[in-house]
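Input: structures, listed below.
Each of the next two complexes has chain A plus one more chain, namely chain B in the first and chain C in the second.
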Partner chain A sequence: MTATDYLDLLIKSLLLAGIYAAMAVGMTAIYGVMKIVNLAHAGFLMLGAYFAYELFERFHLDPILGAMLALPVFFLFGMAVHWLLVRWLPKSDTPTLASLLLMFGFWLVLQNIGYLVWGNTAYSIFTPRSLASVRFGEISIPKDKLIVFAAAVVSLIVLQIVFARSWFGRSMRSLIQNPYAAAIVGVDDQKTARLSFAVGTAFAGFAGALLAILFPFTPDFGASFQLRAFVIIVLGGLESVSGVALGALILALLETFSINVPLPLYWHGWKFVYLPSSYQPAVSFVLLVVALLVLPKGIAGLLERKWRVA
Partner chain B sequence: MNLSSAAGRVKSTLPWLLLIALAVWPSTNPSPNAVRLLFITAVWTTTSLAWNLVGGLAGQVSFGFAVFYGLGSYAAAVMINSGRSPLFAFAGAAAIAALASFFVGLPTFRLRGPYFAIATIGVGEAVRVVMNNLDSTGGASGYRIMEKGAFRQIEHYYYALGLVALAVVIASIVKNSKFGLALRAIKQDQEAAAAVGVNPYFCKLWVHAIAAALTGVAGAVHARYAAFIYPGSEFAFQTSISILLMPVIGGIGTIWGAVLGGVIFGIVEEEFVVRFPNIHLLLYGALLMLIILFEPDGLVGLMRRTMRLLKRWFWSKREDSGSPDADKVLWGRGSVEGRKL
Partner chain C sequence: MKESSAFLAMHIHRRVARTLLLVGVVMFLGNLTWAADDAITIGIVMPTTGREAKPGLYQKEGIELAIKQINDQGGIMVKEKGKKLPVKTVFYDNGSDSAKAASLVERAMSSDHVTAVIGGYSTALAEAESVMPDRYKIPWLTGGAAATSIYSRGYKYIFGCLSPIALLGSTTAEFLGNLADQGKLKKGLKIALVVENTDHGVDYVAGVQDWIGKHPGYFTVVLNEKFDLGGTDFSGLLQKVKTAKADIFLSDAHLQDYITMQRQYLQAGLHHQVISYGARGPEADARKALGAGTDYILAALWWSDKLPYAQVQKFVADYKQMYNRGPDSWYAATAYDAMRILAKSIEAAGSTDGTKIRDALSKAELKGALIPGGVLKFGANGQAGYPFLVTQNKPEDKVDIVFPKDAATGPPVAPIP
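For the complex of A and B:
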């Protein structure tokens, strides 16, 4: 491996991290405010992918525009889901099993509606842009990846500004920090919860549409990305946009480099071996368990602890 | 007549009558399809009972029981192929699944509630990926079980029946023992349980091992019947989901709920999947949501509620609690049918 190869991998993982962050941020918003581990996230991702696909096939709408359109549509959808299902759940400071199983049931429903409507063959969105790439010296980057990355980053920045500056963002952050104190100073928790669920769903649909540009998809498509989203929000400390970005970057780097870089292994003497690429999915799952165990507050929590000690 | 003691007597004899009926039933020459249906139902019910020990009794919802189901089936498959007897293979499957449960449980039981649940998803998927790539058992293309002698369906049926009876016995022993009490205490409040001298970590580990062993044997019995196993079905997330859905639908934390859930699931799965391959999980998802929103105790809870309502409608005149004060509170009167209570 030459230095250029490493640079190439680095850029690829950075581009991957963008879409990973967009995919995980919706889950963080929902978890932060309502303490619900949203297992239906995979269903929203999948619906987002098919939303972009249908718009592209029927109206020849560019999938990037489709993704943008997914934001308001899934926002309303999220409001409806919250009104219909989520608001009946008992409130709690910690995630409850009732909420876990309810969202899980909803995921099953969404996934199987997907199977009913689109069948189980893999679809993909193929535009004239799909094979184009941009060259920077020796490194060539697919155009789609660049565009998706840009869309994801812009949306995350907008979201960060909304969280930091708006009425909604302030009440949301107050609920994350301390729901009781927030209630005392007059934050409407139902309304904020509804809006955060809608924002979370909107971002899931948006990320699903973006993922559909890069990967082929089936109704089961959200599942592996949902697990990655878990890893990211656990690494990121569960409730902040910047934490999510950091978690996404770490996961993308580990996933890319674990199979492309020879790892030291002791087997009759030290050797360097490549991890077979079929084991790549296991990287995120193992990382999930390890992260849950050793970093219960995420990387940010770890840094915080270090600083407090120093 | 004292209604509650009669109900108790029926409740304690009914399982034995059911077992005898199921044991005698093959002598009526049933069709192979019916035998297969009951066989599958018995296997599913066993896993449902096993999951219920961990998820229902101890309150630790696991999305990773396919790990034990799959490891049990692969362990038994390898042993049968190397010429061991079926019973030896089943025992081996139980041992290996229980061993695996410690590997899974030692780290993950450091986590609480939903975090444990999410970690088990990760473990389950990681194991599936590894098994998909393991050359010695054929990887993703599966593993064939070759056994000498003719295929006798009834023999398989009796193994499954024996297994489910064993599972019911183990589940009721665990539930009614001091250990079961400790598990229920952990479910309600882990700190309080620890304060009165229960070690939550060890209790969880042991009940997990028992459940894993039962699930492993269920996988083994099924694998021997199917004679062909592959990671895409044995280790699938779908299998974990099915194992979790049965007790939740039937009634979480109760033995009869787990059995009921398993029976319904087994029958629906076998009969429904053939006709509507895409709808059955949709129905289960909808059912799961309805149960969580309206009747968290599942079908058993629903039955109890209707029984209470029926009792109040039909037998309210006869029912007395034996205490005038309590009756006054319950029914708002001190006498029934002119009889002074």
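For the complex of A and C:
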């Protein structure tokens, strides 16, 4: 491979990281405040994909605009799901079995609703830019991936600003840091939890709509992304937007480069071998295990520790 | 006194109610047995949800069309009953899950006492299902699984209506060899093989390499990679393809992977003289998802609605009448033939006994089948072995059979413009 090929791969990894980060950030918002591992995340991604599809098919609305519209719609949907189901869960500082089962069950319900409404056809959104690319010499960048990346990055920056500057963001961070102290100083934990769940759902719907621009989807869409989202938030630290961005970047880089960079192997002497492409999905599993064993607070936690020491 | 007579009346009422309930249950069970005796029950185990839902639904539709036609003619003649019996079905959705598929086949054969099961789309699900039939001595047929590994374990009650995947691979290579002989492709071209990490993919590669090995000088394989089913990002893999500098891109993929990979292939600006995704190519979903991006893709198929046989045209018309749309790709046709050869074998066996039907299936020959060659029969391992045909997508949603010559509806376009 030439240097241009590596640069090409690096750009594609960055684009992939943007998509991964947008997909995982909703899960982080919910986990951070409520300590709920949202196993229905894949269901929200799937609904977001169909939401963009319906707007595109019925009203010829550009899927990027559809994704923007998904934010308020899924925010309200998240509020409703919280009011209907999630608020009844017992409070806990750690994920509970009840929350896992509830969200997993809700995912199955969403999937089956998907089958009832849309059947099992593999839908896709095909626009004039679906197959178009921007070319820089040997390097080819898909237009739709570029647009999705830009939308994802902008949304992450906005979310980071909201978390850092707004009343809601301060409440949220205080609950993440110490829920008891937050309660003493008057933070309304129920209201913050409801809003956090709604924000998480809104971003899942938004990400689902963006993913629909890139991939075909059926009602079981989202399962493979859900695993990646989980790896990313474990890797990035379970409670921060910047950690998610970092986790997404690491996963995307490793997935893309692991099969294209020769790895040293000692077998009757040193030699360089390429990892077979079929091992690519194992990268996320290995990362998950490593992160859980070595970096239980994620890379963000590690960096924080280093700063404190310094 | 009054209390004791009321107690007695209540006691009698309870006894009467119990007796009536018992009689009801006995009558119900008797009725069930009678109903089972008066019909042939076929279990259909297919994925109508999950990632294989679409082909699974098409296969189910093909089977149901065949059953409707059989029942319209009064059913299947069963000699030992002395009359024609209608065919009933029990349908099980395996949700595209292997473990569920195996347990549903077991349930059909053990507690639901079906005469035979048709299942097994796709390869992974079929592999799980295929361990059950010999255990219960009930025949199992599939119109959707072709990996050789399924039929090489010595099972006696499994029958596959699809030709082996290895033959799919070798037919594709043979067709490319033909193009080289015609001067449309140069000899000595380099092939990149990128297949799904399943027995299906492994067999495909074996078929291509077998042909290349027997015909030296035609092609060389410069890349042989596998990918996981349901992939989302193929950019790393496609980079390997680009680096390999191959002339021909041969893949073997399921529908969703085909759509995702071809999209990323085009976005990456890749171009090869020939592209194929194994048995995928002309599906309407892919054409809708990629538009002109699927033009000129080759597919080696078990069936096409363009086959110049009267029975094929009749099947297409009947299918359209029943479902208000034409059959999408080959899925429904092979399942339709599976049901027809099963019906023929039950009639030949003259019995609903599993072993007798199995013996009849192993000798059965379905003339007027929809497949290339028009005759469906099983080899010693239970798998059919008829020739493949090669189709090519053309602009404006046109699909032509381009190989073999006697079935061709249009000339092959190679290299791809």
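Convention: the second predicted complex is superposed on the first by the 296 of 310 C-alpha atoms of A that agree within 3 Å, B and C clash if a C-alpha of one lies under 4 Å from a C-alpha of the other, contacts with A are read in each partner's own complex, and residues count from 1 in each chain.
In this section, a residue touches a chain if its C-beta (ideal position, glycine included) is under 8 Å from a C-beta of that chain, and two chains touch if they have at least 3 such contacts.
Just so it is clear, the model here is predicted, and its values are computed rather than measured.
J.: Should the superposition on chain A be reported as showing a clash between chain B and chain C, or a fit?
T.: With chain A as the common anchor, chain B and chain C collide in the superposed model.
J.: When the two structures are overlaid on chain A, which partner does A:W88 contact: first (chain B), second (chain C), both, or neither?
T.: A:W88 sits against chain B, while chain C stays out of touch.
J.: Return first, second, both or neither, reflecting whether A:P281 touches chain B, chain C, both chains, or no partner chain.
T.: Both partners, chain B and chain C.
J.: Which holds for A:F106: it touches chain B only (first), chain C only (second), both, or neither?
T.: The answer is first: A:F106 touches chain B but not chain C.
J.: In the overlay, answer first, second, both or neither for which of chain B and chain C A:V289 touches.
T.: first
J.: May I ask you to decide whether A:Y115 touches chain B, chain C, both, or neither, giving the answer as first, second, both or neither?
T.: A:Y115 sits against chain B and chain C alike.
J.: After lining up the shared chain so the two structures overlap, which partner does A:S140 touch, if you call chain B first and chain C second: first, second, both or neither?
T.: Second partner only, chain C.
J.: Kindly classify A:S124 by the partners it touches after superposition: chain B alone (first), chain C alone (second), both, or neither?
T.: second
J.: Given 22-30, 130-138, 274-282 or 328-336, which part of chain C has C-alpha atoms clashing with chain B after the fit on chain A?
T.: Clashing stretch of chain C against chain B: 130-138.
J.: Just to be sure I follow: which residues of chain A are touched by chain B in one complex and then by chain C in the other one?
T.: Shared contact residues on chain A (touching chain B in one complex, chain C in the other): 115, 224, 276, 278, 281.
J.: Which residues of chain A touch chain B in their complex?
T.: Chain A residues touching chain B: 37, 85, 88, 94-98, 100-102, 104-109, 111-113, 115-116, 223-224, 227, 230-231, 234, 276, 278-279, 281-282, 284-286, 288-289, 292-293, 296.
J.: Residues of chain A touching chain C in their complex?
T.: 1, 5, 8-9, 12, 16, 115, 120-122, 124, 126, 130-133, 135, 140, 142, 144-145, 214-216, 218-220, 224-225, 255-260, 274, 276-278, 280-281
J.: Mind listing the chain C positions that touch chain A in their complex?
T.: Answer in residue numbers: 48-51, 53-54, 56-57, 96, 194, 197, 225-228, 230-233, 235-237, 239-240, 242-243, 255-256, 259-260, 263-264, 266-269, 285, 288-291, 293.
J.: Could you please specify the touching residues of chain B with respect to chain A in the complex?
T.: Counting only chain B, the residues touching chain A are 59, 61, 107-108, 110-115, 117-119, 121-123, 125-126, 129-130, 132-133, 237, 241, 248, 278-279, 281-282, 284-289, 292-293, 296.
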